Amino acid sequence: MPSKAGARLMQGNEACAEGAMAAGLRFFAGYPITPSTEIAEELALLLPKAGGKFIQMEDEIASISAIIGASLAGAKAMTATSGPGFSLKQEGIGFASYTEVPCVIVNVQRVGPSTGVPTAPAQGDVMQARWGTHGDHPIVVLCPSSVAETFALIIEAFNISERWRMPVVFLMDEVVAHMREKVTVPDVSQIAVAERPRPQVSPEQYLPYAAGEDLVPPMADYGTGYRYHVTGLTHDQTGFPTTKRIEVDALTRRLDAKMRMAAPHVTFVDEILVDDAEVVVFAYGITARAASRAVRDARAQGLKAGLIKAKTLWPFPDEHVRKAAERARAIVVPEMNMGQLVREVERAAAGRARVVGLSRVDAEPITPDEILARLREV
Amino acid sequence: MPGSIEAGPAIEGRPTDNPVEINQKWCKGCDICVAFCPKEVLTRPEGGKAQAAHPEKCTRCGLCEVLCPDLAIVVTPAARKGASPRGQGGVSDA
Amino acid sequence: MAMPVSYYLRTSKMPHIWCAGCGHGIVLGAVLRAIDSLGLDKDQVCVVSGIGCASRAPGYLDFNTLHTTHGRAIAFATGIKMVKPEMKVIVLTGDGDAAAIGGNHLIHAARRNIGIATVCFNNSIYGMTNGQYSPMTPTGSYASTAPYGNIEEPFDLCDLVYAAGASYVARGSAYHAILLWKLIAKAIATDGFSFVEAITQCPTYYGRRNKMRSAVEMLKWQKEHGVTVAGAAKMPAEDLAGKFRIGELGARTRPEYTRRYAAIIDAAQRGEGGERDA
Amino acid sequence: MHKEIRLSGTGGQGLILAGIILAEAAVHDGREVIETQSYGPEARGGASRAEVIIADEAIDYPKVGVADVVLVMSQEACNRYAAQVKPGGLVVVDETNVKSVPDVAGARVVRLPITDIARHEVGRQVTANMVALGALVGIAGLATPEAAERAVRERVPKGTEELNLKAFRLGMELAMERARERARERARERVREASDAT
Amino acid sequence: MAMPVSYYLRTSKMPHIWCAGCGHGIVLGAVLRAIDSLGLDKDQVCVVSGIGCASRAPGYLDFNTLHTTHGRAIAFATGIKMVKPEMKVIVLTGDGDAAAIGGNHLIHAARRNIGIATVCFNNSIYGMTNGQYSPMTPTGSYASTAPYGNIEEPFDLCDLVYAAGASYVARGSAYHAILLWKLIAKAIATDGFSFVEAITQCPTYYGRRNKMRSAVEMLKWQKEHGVTVAGAAKMPAEDLAGKFRIGELGARTRPEYTRRYAAIIDAAQRGEGGERDA
Amino acid sequence: MPSKAGARLMQGNEACAEGAMAAGLRFFAGYPITPSTEIAEELALLLPKAGGKFIQMEDEIASISAIIGASLAGAKAMTATSGPGFSLKQEGIGFASYTEVPCVIVNVQRVGPSTGVPTAPAQGDVMQARWGTHGDHPIVVLCPSSVAETFALIIEAFNISERWRMPVVFLMDEVVAHMREKVTVPDVSQIAVAERPRPQVSPEQYLPYAAGEDLVPPMADYGTGYRYHVTGLTHDQTGFPTTKRIEVDALTRRLDAKMRMAAPHVTFVDEILVDDAEVVVFAYGITARAASRAVRDARAQGLKAGLIKAKTLWPFPDEHVRKAAERARAIVVPEMNMGQLVREVERAAAGRARVVGLSRVDAEPITPDEILARLREV
Amino acid sequence: MPGSIEAGPAIEGRPTDNPVEINQKWCKGCDICVAFCPKEVLTRPEGGKAQAAHPEKCTRCGLCEVLCPDLAIVVTPAARKGASPRGQGGVSDA
Amino acid sequence: MHKEIRLSGTGGQGLILAGIILAEAAVHDGREVIETQSYGPEARGGASRAEVIIADEAIDYPKVGVADVVLVMSQEACNRYAAQVKPGGLVVVDETNVKSVPDVAGARVVRLPITDIARHEVGRQVTANMVALGALVGIAGLATPEAAERAVRERVPKGTEELNLKAFRLGMELAMERARERARERARERVREASDAT
């Protein structure tokens, strides 16, 4: 039950909730935390209207657990939180990743670590989103930079999660979450919604973790006659625990390969004026908005600047960076943290271009002027 | 020490002429003291802070002090030792 | 209907990994007999567990089964029950899983009175990790992390869960296996949150460290120390010291959570309530 | 069109709602718009601020720096924000709450008894935000009156629509009045200049 | 001794951030008067909190103060008390902090009976995050995440904590401020885990959404709905519905945890016990 | 009360416990988890003998919380866990980091993600150890590769933690944790033990978060007359919350600068035959043992191989890699994960040398032969 | 359905000549059945699995079945319908 | 010296303790040593394995691949590990539990009634690990008897020292006996060879 089509003023968090509904969300479990609460509040209102379920759990761990359970029971499921809660959800995210249960985890970033400044923006959880849980766990992380993009991208988050059976982290920041912008809600018929692959075989023939060519095993809903087992222990194709070397190896490597298979389909990057650029900005989230202005201003001043705006942060878009590094003199990476994705840009650039970070950590967004100044320096 | 719990504290030796001191910087004007003072000692102008408008009526019962959420009120007990009547207001044992 | 226990087992996974004499198997038998006596459809039963020896149970059961993270089984189960209220959702858990790391989920599920039946395999120890003390280890007992004897007092888990709001709480033991089966059947049949504490034995870690050399000895201990509710009511308090009460310890009728939620959906779909700023 | 507007005052004055309504009006007008705000518990009772950018083209950077239009509804907000206005810009001051206005060289300052009007002419002080909104729309033409009225109607709590619309219209009128005054003044000035020239 | 409340305040930090009429300030006053009436040395008092409006209290207090993570205050406090058993360790917490995310630490501290006095500022709502329902929100009330009315039932927190093993549990309210102060003083004086639930008002979020427009109205509600334990004992059950009991709800003597640990240290240092495989 | 001096057979976990005691540990809170439990079991026995305290908490979150409390009360404090528990401790680690409370967190890695294979070795938490909590939080991560090194390095962990007021993560792996080796316990007098800087001023003058030249603020124990405030909110020099831009900025930047200041003192790297090496292995933990054999074997076969053995994983020893990359043809990075620190090696090498990973994820350690083969290939 | 809880299950219609079937693959030799069989039907050789050494003494009380931790025992009830005496052993209500 | 030793059997046979004692004996002998083991709940009742490397120089890689000395105390362990022995290496087989030994070309196989001796000569089957240890020390000279006895005394549960030492010594004697037999056999062989040669 997506909301009415047409242009509307929406808050970022509202767009997240509305977009999720449009993607088919039917279960939300959460625990309030600034600056993400409006997502839960909105869904408490919207879900029952669509016959979906909302529950406020006793904490974030319970919330991530509940959405995994709900997803196994067949519902598209989501939770939303901010830094401290995201830290608490890490164990659960690992479980979802390892058992390949689709679900979406929204993290609206605020100033951290710890309690930090709950109401102020930052981009400090970018590495955590990739590496926060223990063990090898490929994961997709998406990051919108406007309200309209939030609406559209959260739908992609669900589609990826369902299509590829993996948790998707939706990384917002406080500015995008709380600002209001015009969103043109498309007609339902215009919204492409993916469903998880479900088994085409009889229960007797069903091997819950046997994957086909796309490396994604079909997934049965609990209660539909496929009585199978799901465990966070290392498991074989039947879903039961194994400690056999070959099977332990196979599971980790399949998950890794599945991510590489998915990568082209889940990588959303906008390149703006990059082709002939001497200096390139790599930016994401709210910072990409400032970067876009900075690039425009630079061009106006005769400096050939370009912008790589990453909407997919993980898997990291190595190729885009590598190609840009081959032509450009330098890549500037403005971030509202002490330098996180800049490390990845450095790695991907592999010495081909100078890579220069630009950190702002005073609880205010980076301005176009700051980026412009750095562009002129390098 | 548990003895003192029963008795409630007695703040002694302070001047008695102004029984209800209201810290104007701390008061947020919630009206609680005004509403619950049994003797209608206190008032508050629209948008302003609480005032001891009728100090002469004050019995120093201490109720306003314990109920002020901003810890803005100090009631000076009568000079007589041990005469603090705190704990005898409507709130003590209800 | 009455099927042999093996009807509910994934027999190809048997024998199970539990040690010889481990009481968990006895409790599991009681769970299966309870399910059988209720005549439930296997497809409509979902069994969820956390981590621990006890929590290995679902892997052997021919239902929809989920082996989650340590302590969180009830939270996972909550998601399942919300989405599929028509399913029977059963949580099998250990004393560590349920009462240590999972204590909060336990009391909140009880408070919400969500229709999940929880059976706690209480062997007074963390079996899976080789014998550390748990919140259910008796004071004075030894454990690998209580080399000087345990100075903590255990919960009365049934009292706690009932105080939290559960519809039904009961205690049985491995030795009192038939009673246990009946209690579990009642729990599963309860429309609301229900909880059965099953006192059971871990000869490998608890027994060995506490001078009970065999499973048989430990079952005898259960036999001698379990007192029915009725019996306990007649006993003087001092005789009850060191004993545990078995039977139904609490039962009441309160609206089940997913039913309450269904009413919200009805209202919302009729367009009632739901002001953004009500 | 590309206008950056900052509405400032204290918590409880409803400036964030005013900002949202202004932004929504811009959507109705078919424009691009973005609204941001200061937020959270630290703001309880303290300073409050909403920022709106209305433009014909896509807006990249959402934060308002030096604004085109500034509304100040408290002395503190005035001290902090009045001067952050572009040359040729506009500062609307609620003279009920603001006693002194700092130097805002190059910008126009319009003093209006916003809260007074809400209190006495609308009859509810809480509608001061709508009076202010009406004034802004009237003076600076940030939205069409139709779009603004529609946005007011849709965003205010149910049952308070008429009251708020009344406030909004009073603000509009106030602005018109001032505009007329100003036109007269300008005319007078021009006459004076003309006479000086002779 | 009797010092003005301001003696215990970091006055330079005042006025506090709480909203006008917020009951948290009244409860805080009761805490300080309790400390004062016990004549404690400020250096030997440690006040620990989690996250929430209530949990902002320690910042204003002239003791050793610690503002931790959401829900974990009691666990942090446990570390402090273990290392410095001679200190008075007091936890100030909200209903969300203590009963939602922190519920497990609460019941385990009660079970261990560690010498920590906990005062829960129960305003039936998550204030800090702008008014979502909490595990203490009454059924049927509205909250930002309960736009159709709350379908959960709240805990009886005192019963729960007592069932978990606390030495002392009591309930007061902001309106019953002097009683509250006395209860808190008893709690702090208790040698073991003690818990006081202080019913308090959040006019900004709970009141506004639930048709109680002012703090004064909410205090009157407390006045009318609080029933003393003695009074409640005399009332028919149906009259008690919707009311809350105030006063001492449970008190018993059990050995305090750090004292028990001290005995272990004695034994270990005498070379007794402590076999690796006892 | 360190154990008797002299040669002894010790298990890795035992060495961790004994080393911690030697470093002055007086408080341990933990929650059992394989393969770390022996650390807790050993300390349950040892601590009371030394007048210290052991407590088994209800979960890992409570454990990290309790050790932070204990540290504030003046005791050297530690917790120990494995992957799933490490994920749960992340929020607490962020608190300790932000409030600069010394403590040591041991994570004995096992196969992950999720429950994985609890009894089998892996090195999958290396990135998590650095990035696991939300927000910017510099952190030191140490990693031993033998039992003797465990004993010595855990003492360094405490010394760093106390000296620099920061949590230190001690990252072991199941092999090192469970194997037994000869450890020659030094005499107490030979063990250098650091204490946290304590205030030299009166309580009235004490500013709990005002740092001197070393950027480390002196730390008072609770209960010693310094009545100060500690909060996970962003705080100023007085320790009280602030949202002022300049102060928010100052705190994050000081913590970052403190880490850079500490880096030379906390970076332990052994370089073996690197000077003239054409191919270099970068390895850590148990894998470094295989690498050391492989390098020896390679040399025996005439291949000029060298080994960078990192005992400090974070801050990442960029310089060692950079220098090696300048001379060597290639750097091989064997890891028991899908490639984690190899990314850092790539970044630091910046295209100067080829960087080649070698992943093994079948729950068995990498063998010398596998490394040797890779060395011969590159 | 609750009715059947009270009565205990009756497994009917199976052959009655071998009252106690012991799954040798599942039995771990814990001795519980041996120790608790009221009729001394069962034995276990040192290091081996449980055996029904004296089937003729078996009353089909079912105790061994419910107490076997390895779910290795199936007691075939007597053919008579409803005659399952389960629930009457010492463990049923103790 | 650089010897890699693998002790294998089933859980409950005490092989890990045996491995630890052997390693500790090596420490007493002033050697470098490393002991690793298969571990954990999955091993309950199942296969069990301890590996020890004893060397004069620092040991880098701690895992045993193909061993110098292998002890097999169950048929399963024998099937799995007996053949993983170096040419010229030694396989000690507990013939009480192991009926058939696979081909271990190039290595010496010594069959001993280890569990039998524990059961009947020591009187406690659980001491089979100490019998085995004694045999290993006796046959392969992995540690000096003094160091081994000291290690046994220090590591076994209190109160069981004498029993375990008895078992250990019976194992040593068994080994000596075999050694003597072997020497005799060798002598005989040599005589035979010599006579063949003539």
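Every chain is named by a letter (A, B, C, D, E, F, G and H) in the order it is written, and numbering of its residues begins at 1.
Throughout what follows, contacts are C-beta pairs under 8 Å (C-beta built on N, C-alpha and C of every residue); 3 or more make two chains touch, one makes a residue touch a chain.
Since this is a predicted model, take the numbers as computed values, not measurements.
Touch-path distance (fewest steps) from chain A to chain B is 2.
Looking at contact counts per chain pair, the maximum sits at A-F. At the far end from chain D, in terms of centres built from Cα atoms, lies H. One inter-chain figure worth recording: chain B and chain F are separated by 56 Å, centre to centre, where each centre is the mean of the chain's CA atoms. The distance from the centre of chain C to the centre of chain D, with each centre set as the mean of the Cα atoms, comes to 63 Å. A straight line joining the Cα centres of chain A and chain E is 39 Å long.
Multi-chain contact residues, meaning those touching two or more other chains, occur in chain H at positions 41-42, 45.
Shared contact sites, meaning residues of chain E that touch two or more other chains, fall at 19-20, 51, 67, 69, 100-101, 103-104, 108, 128, 130, 135, 144, 147-148, 261, 264, 267-268, 274-277. Chain contacts: chain B has residues 28 touching two or more partner chains. The touching residues of chain E, when paired with chain A in their complex, are 51, 67, 69-71, 100-101, 103, 126, 128-130, 132-133, 135, 144-148. Partner chain C is touched in their complex by these residues of chain F: 31-34, 37, 40-41, 44-45, 48, 54, 56, 58-60, 84, 114-115. Contact residues on chain A toward chain F in their complex (touch as defined above): 61, 83-84, 86-88, 90-91, 94-95, 97-99, 107, 109, 111-120, 122, 124-125, 127-128, 130-138, 231-234, 243, 245-246, 248-249, 252-253, 256, 337-338, 340, 343-344, 346-347, 350-352, 361-364.
Against chain D, the residues of chain A that register as touching in their complex are 7-9, 34-35, 118-119, 175, 178-182, 286, 289-290, 292-293, 296, 365, 367-368.
Chain E makes touch with chain C in their complex at residues 100-101, 103-104, 107-108, 111-113, 135, 142, 144, 147-149, 151-156, 159-160, 162-165, 209, 254, 257, 260-261, 263-264, 267-268, 272-278.
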